[in-house]
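First up is the structure itself, then whatever we jot down about it.
Order as written gives the chain letters A, B, C, D, E, F, G and H; numbering starts at 1 within each chain.
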Amino acid sequence: MDQHDPRTKDLGFARVDVDRAARTGDPEVVYGAGKTPDQVVGILRALHEKHPERAVLATRLAPEALDVVSRALPDADIDLVARAVTLGPLPEARGTVAVVAAGTSDAPVAAEAALTVAVHGAGVDRIDDVGVAGLHRLLSVRERLEAADCLVVVAGMEGALPSVVGGLTGVPMVAVPTSVGYGASLGGIAALLAMLNSCAPGVVVVNIDNGYGAGVHAARVARQTVR
Amino acid sequence: MDQHDPRTKDLGFARVDVDRAARTGDPEVVYGAGKTPDQVVGILRALHEKHPERAVLATRLAPEALDVVSRALPDADIDLVARAVTLGPLPEARGTVAVVAAGTSDAPVAAEAALTVAVHGAGVDRIDDVGVAGLHRLLSVRERLEAADCLVVVAGMEGALPSVVGGLTGVPMVAVPTSVGYGASLGGIAALLAMLNSCAPGVVVVNIDNGYGAGVHAARVARQTVR
Amino acid sequence: MDQHDPRTKDLGFARVDVDRAARTGDPEVVYGAGKTPDQVVGILRALHEKHPERAVLATRLAPEALDVVSRALPDADIDLVARAVTLGPLPEARGTVAVVAAGTSDAPVAAEAALTVAVHGAGVDRIDDVGVAGLHRLLSVRERLEAADCLVVVAGMEGALPSVVGGLTGVPMVAVPTSVGYGASLGGIAALLAMLNSCAPGVVVVNIDNGYGAGVHAARVARQTVR
Amino acid sequence: MDQHDPRTKDLGFARVDVDRAARTGDPEVVYGAGKTPDQVVGILRALHEKHPERAVLATRLAPEALDVVSRALPDADIDLVARAVTLGPLPEARGTVAVVAAGTSDAPVAAEAALTVAVHGAGVDRIDDVGVAGLHRLLSVRERLEAADCLVVVAGMEGALPSVVGGLTGVPMVAVPTSVGYGASLGGIAALLAMLNSCAPGVVVVNIDNGYGAGVHAARVARQTVR
Amino acid sequence: MDQHDPRTKDLGFARVDVDRAARTGDPEVVYGAGKTPDQVVGILRALHEKHPERAVLATRLAPEALDVVSRALPDADIDLVARAVTLGPLPEARGTVAVVAAGTSDAPVAAEAALTVAVHGAGVDRIDDVGVAGLHRLLSVRERLEAADCLVVVAGMEGALPSVVGGLTGVPMVAVPTSVGYGASLGGIAALLAMLNSCAPGVVVVNIDNGYGAGVHAARVARQTVR
Amino acid sequence: MDQHDPRTKDLGFARVDVDRAARTGDPEVVYGAGKTPDQVVGILRALHEKHPERAVLATRLAPEALDVVSRALPDADIDLVARAVTLGPLPEARGTVAVVAAGTSDAPVAAEAALTVAVHGAGVDRIDDVGVAGLHRLLSVRERLEAADCLVVVAGMEGALPSVVGGLTGVPMVAVPTSVGYGASLGGIAALLAMLNSCAPGVVVVNIDNGYGAGVHAARVARQTVR
Amino acid sequence: MDQHDPRTKDLGFARVDVDRAARTGDPEVVYGAGKTPDQVVGILRALHEKHPERAVLATRLAPEALDVVSRALPDADIDLVARAVTLGPLPEARGTVAVVAAGTSDAPVAAEAALTVAVHGAGVDRIDDVGVAGLHRLLSVRERLEAADCLVVVAGMEGALPSVVGGLTGVPMVAVPTSVGYGASLGGIAALLAMLNSCAPGVVVVNIDNGYGAGVHAARVARQTVR
Amino acid sequence: MDQHDPRTKDLGFARVDVDRAARTGDPEVVYGAGKTPDQVVGILRALHEKHPERAVLATRLAPEALDVVSRALPDADIDLVARAVTLGPLPEARGTVAVVAAGTSDAPVAAEAALTVAVHGAGVDRIDDVGVAGLHRLLSVRERLEAADCLVVVAGMEGALPSVVGGLTGVPMVAVPTSVGYGASLGGIAALLAMLNSCAPGVVVVNIDNGYGAGVHAARVARQTVR
């Protein structure tokens, strides 16, 4: 029967892929949207048991879920801005990811990216509020951009920041469109399209508000880099 | 009967609005798409007859139409890049519009905007190939941007240039998205959405590839400006 | 380090671009959506400190934010219809912008545009409820349209008003689509597309419900106009 | 077997619904797109045989098809602008439909509507080139609008004409968006959405470029009207 | 000044077009969405004063607005299903409109259409719950369809009912797509597109859920019909 | 009159198609969205009365409706995950449908599909949480896939599971996209498009979240299969 | 190395999945779009060599490709309407699929579906030109619909035919939207959306113009059915 | 004047950014679409002159352009599948990028990616025709996937391949959607959306058919990796 496969832990409400770290180097992460707080707690516990030496992560937790999880798992670390939780010690950081955000409204997405980078074993340098309408803010941090092994660039509205950053440096970059905006921003579609059409070479993109996905990719790139 | 209205000249195939200059300050312009070369010639002649002292304009002419018009109207001036024709002397220029283009592929739209500005009575300063992936090119022309009374900023792909320009100067600006791009550029929709969501204050936008519309607005702004 | 740049004021939660007025002639404006009331108060104070002689503006404030701000900043002026706040004396008005609205439901957007014009140094003439289904209302205000240095024309649903106004006068015009409508209005997309495709020459457009952006552009045009 | 139903005439390549006039008052019409010229000829002959006393219609014929049909059916009447053909005498006209078009580029659609009206038994009054950017042209034909029993109003680009006409008169009106435009006109979608969102009461709409559908409805309304 | 125009009644918050009945045969109608209950009451009173002999109508009223209006205007008639209110006596009915609905969920839209027909002076025959998945229900009412002077056919989901009705009868028909559905119904867009592409000749369409617009057109057609 | 047709039961608020089982083999099902709990109870009773020997089904019931129905119909069986109710004994199962789900968030849709299969007379094998990012989970259940007479494959996000399953087995398969996802998932449109474009042969698709529709089709296929 | 896997035949330009029939019961099919005629010939030969006892299929062949293939493979059977080719003897037919088409323009898609059914081992009954605007044509073939083991229902424009068929019979049905239409048909999207939202229970759908996919599913259902 | 900036080489028709390699590590690349063959030759020469030691690249060349360039620059290397040209010696390869393609129709995009990787200084391993409908093909190359420093995964239609690959390995991956497909593939939008919504962690995406962009990012990642 399929339920005895040691690569899967059956919790009744979910079959946790406890083999993922063996295959891909990183354990499964709990995507909290659409799960009850109790389900989040259950999966976090199962993953932590399998990987006690290294932090496991739950993202996209609603305020109530953050509350329930923090009480059920007193050892967990709560990141209120990122709306995420980690359980267990962060791995040692190899390499550095600079997480660059255009505006203050992009903070939750940037925070999710930064926490994900740390959980996946790379160091983080946060650079906030450097939108293209005030270029001097960006130009003054060029050295920090160059010092990174990978960039995560977060922007909503017209999503122009990755194009400008990509013209300043050749460090590998992941662009994250956010849903910040209104009307013809179409919930982040405008920024997503802009980033996909960037005139700067080599810009790669993730889903709207997907700080997690950008963080995973950037951490993998940074931790395999040797300078 | 409505056909005796002196504000309209009936050519059979069209009722030319020869009253438009009296109402709006500018004569009607011939939008060439979907008209036969002979219709373009006929309307240009009627408008020139009404406004002999000032150039009248036909835009969006296919190569065949440009050819027919140049032979039928030997006094006309042909602009091959803008795919447009003028008939009659350009008006004296009041004020200056800087027409700024991101890439060489945007040249036809920028040329249409520049010619329209001239026909509508303002001076033109062309600034080409200053896309955001090489900021130094744009920063080196800041004085020319500041010296203008209105800006027309033309860009395809991710359409980021107006946001960057709008952070550098407060000169009134019209952004023109172009259909340059492929795939998720959706024929210029990506650039259009980006410009509509610009984080720079006061960016106004026209239809995709509509250099004409941007030129009309910019010329009206420039020619009523006194410095 | 980048934090010592005098062109930026670091509030911890935001890096205020206090250099913007020097670059563009107008100070930064607080876009209230996605900011806490306390953040709005903090940024307004920082901007007011830098520009005590001239009103600074916060837009898109929810009712709670309006309440908090009015108590924290008793000198602030609250505009309940525009859902906006100003702090400091309005600048002297140069030139006039006519803000024209199609229907009563467009009032909040028109109010935001009008307040923005005043904050950016131009005079305002409000013309409301002149939708195209009752043309006599519009025709009776033609002289006021002609007397303006720039027009802001606000309409939802089919967005036809700018085309009709643009056929009556050559005063530079900015069209503002609103989200008024239902079903196939697609949250204002129908009006936006209509305005982008206007058959009247020189119509320029801003994002849906973006009274602020239209106001900035129109004020800049009006205040540099000399009649 | 189903093939002996007298309400259907089996031509091998098509089963013509020769019962339609009995059910709906009007015979089937040949939609020429996607049919070979020979198929068009065959179906026209079958319909003409069934309804010799009254014109039958084929629409959307490519130039080659018009050529083939005119040679195969020398008694047919060809309308080159409408790209359509009729065979047989037009029925007596009851009532009047005014077909109103915004611009010269809308002529093919207006011509299709007008011919359809005539084939379906109502009279036609053509009013062309009365776009909203020159209102005087429209205001000068108000009496002709009022004299009609139904209106067909054809417009591309921003599709504003039906709203303006609907504010001037209460005659039942069908709006026809055309694919005239470029960029954000999205092949006529902009005009279609505008007409569906008209602020004028009682505007009904057909598919883009569907002069035929508007003509059928309008003729039915006009011919059952008694003044 | 424009405010003395007798064709407009200025209520401060709105300029009521009291001339509309003179121009179009029908008084203005109050579109309740986005208006406060007090504004609805105010405009209804102004219209009733101008047209005491004939019912005036307010549509799209939220439950609270229905409550306020019924208390402020005790003579008003409330239609809870249509979410609408009339004030004054219904005009005498000329002609008949059959309002046909596919499913029970379409009832509010059908009710709005029916009330609008009555207010605009035609008689109503309601035919509910005759969706195409049970054709016998529709076939059993063919005579009632034929007896009408105009049809309003209301359907959500795939919007197929107008095509089937249009194959059964040639009575002029207006199709109303509703927002009934989920997922790929896209809030009624699927039904709207289906109706616009109907293979039945002469189907005309209004905006999603726009029972009012369909009712106005149908009433105008019916009341000018003589049998 | 049409109301005496024995194929229809008129409940006042609805005309129940009690003839459907005779035509199609399955009784009508109550789609609960947009119906009051009392209407659901009424229609369920009418259908149960007509089909006492076989379960009738109501789907898409909100929590309140589930509550009202369970109290009004104590013999009904409530499925809280599927948000559905059955009344009467399940028919004997012929054939087997395997209902395969990619993730735990797809559970409600999978449950609706499974219950529908049972109500329509086929057996069910549930296979949950076998998303493509952990292929071993899917490969370990290949025999259960092969043993089924029809598959229902449920997935959100990128909707890749049907393509992988369709490469492993030739059992007839119905794919169900779910609205699980965010941003560019566009409420399930991404998964829907992916499934429609599957490179695996013979994948057929239903509307987003439409477990019911998939279940009906799959049960019909399974129960007519003989192995 | 992976190239020695006996389940794959490496042709240099393609790795043919010669194991597919073992896994799924049906050999790989050649999708001709985007392949050169020579590539089509090469893959057909490789598949025929592996499956000499049973026809292999190539679809979506341009006229030139049909020409090249017919000359290179003189034993192949060419279907000009379906634009497809088979090589080898058709398998014995088990069960029957009725392929039902709404209009003559849908013939190519219906032909592709019918040929695919035959290649996949089921019998075919073709029923053409039974669109919903002439219901009598459909009602006269009810017995043929009931006699089938699976239905393929092909329609363009508003895509209403599957809903009507699904109300008449409970035979499992696959709906195929076609790109027949114009304007708001959006290349078949209107029909696709309509079918996905069908009010008839159990309608499943394939991609626009995908007669092949519908044929595979229907053949699999039919050939496993025992009556 | 801005034209004397040594970071820019003015060719009249273009201002080449010869400073880009200094800023980003890679010289500018010629995007051939929308440029004349002569312009391509001119820019390639200017770039080659600046970077004689290292290959420069032109992409998206039409057949005529490939022809002109090969005659004007006999030392250039032509890649007919990638529709691209290089001039100068390839740099030494550091690290390895595996370019994985789902089907033979994706070959041009995969070839563009592979050539771009080589030009940007990394080694390439091509793995073609491993679509998810035949998983054994992919499973047999797992070791080659693991051996790479970065993956480029190219797929059209439903775009499922990156999700499956991302579940097998944690090597950093860039997904490239292609425009291969028809109907609801919407020119590659379906694959793009699927990849953006991948359930595999860390999938990053580029524009449709953008092999170049994926290649730049992947090469940068690979060449900075030390194993």
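To be clear about the criterion, a contact is a pair of C-beta atoms (placed from the backbone, for glycine too) under 8 Å apart; a residue touches a chain by one contact, two chains touch by 3 or more.
Owing to the predicted nature of the structure, the values given are computational and were not obtained by experimental measurement.
Listed by label, the chains touching chain A and chain F alike are H.
The interface in A-H, A-C or F-G that matches A-F, meaning over half of the contact pairs are the same by residue number, belongs to A-C.
The centroid of the Cα atoms in chain B and the matching centroid in chain D are 36 Å apart.
Work out the mean CA point of chain B and of chain E, and you get 44 Å between them. Centroid to centroid, with C-alpha atoms defining each point, chain B and chain G lie 51 Å apart.
Counting partners per residue, chain G has 133-134, 166-168, 183-185, 189, 192, 196-197, 201, 207 as the residues that reach two or more other chains. Touching chain pairs in this entry, ordered by label, are A-B, A-C, A-F, A-H, B-C, B-D, B-H, C-D, C-E, D-E, D-G, E-F, E-G, F-G, F-H, G-H. By the touch criterion given at the top, residues 23-26, 29, 149-150, 166-174, 192, 196-197, 201-207, 212-214, 216-217, 220-221, 224-227 of chain H touch chain A in their complex.
Chain F contributes residues 104-105, 128-130, 133-134, 136-137, 140-141, 144, 180, 182-185 to its touches with chain A in the complex.
Residues of chain E that touch chain C in their complex: 2, 5, 7-8, 13-15, 17, 19-20, 33-35, 39, 177, 179, 187-189, 192, 207-210. For chain A in complex with chain B, the residues that touch the partner chain are 102-103, 131-135, 157-160, 163-164, 166-168, 181, 183-186, 189-191, 193-201.
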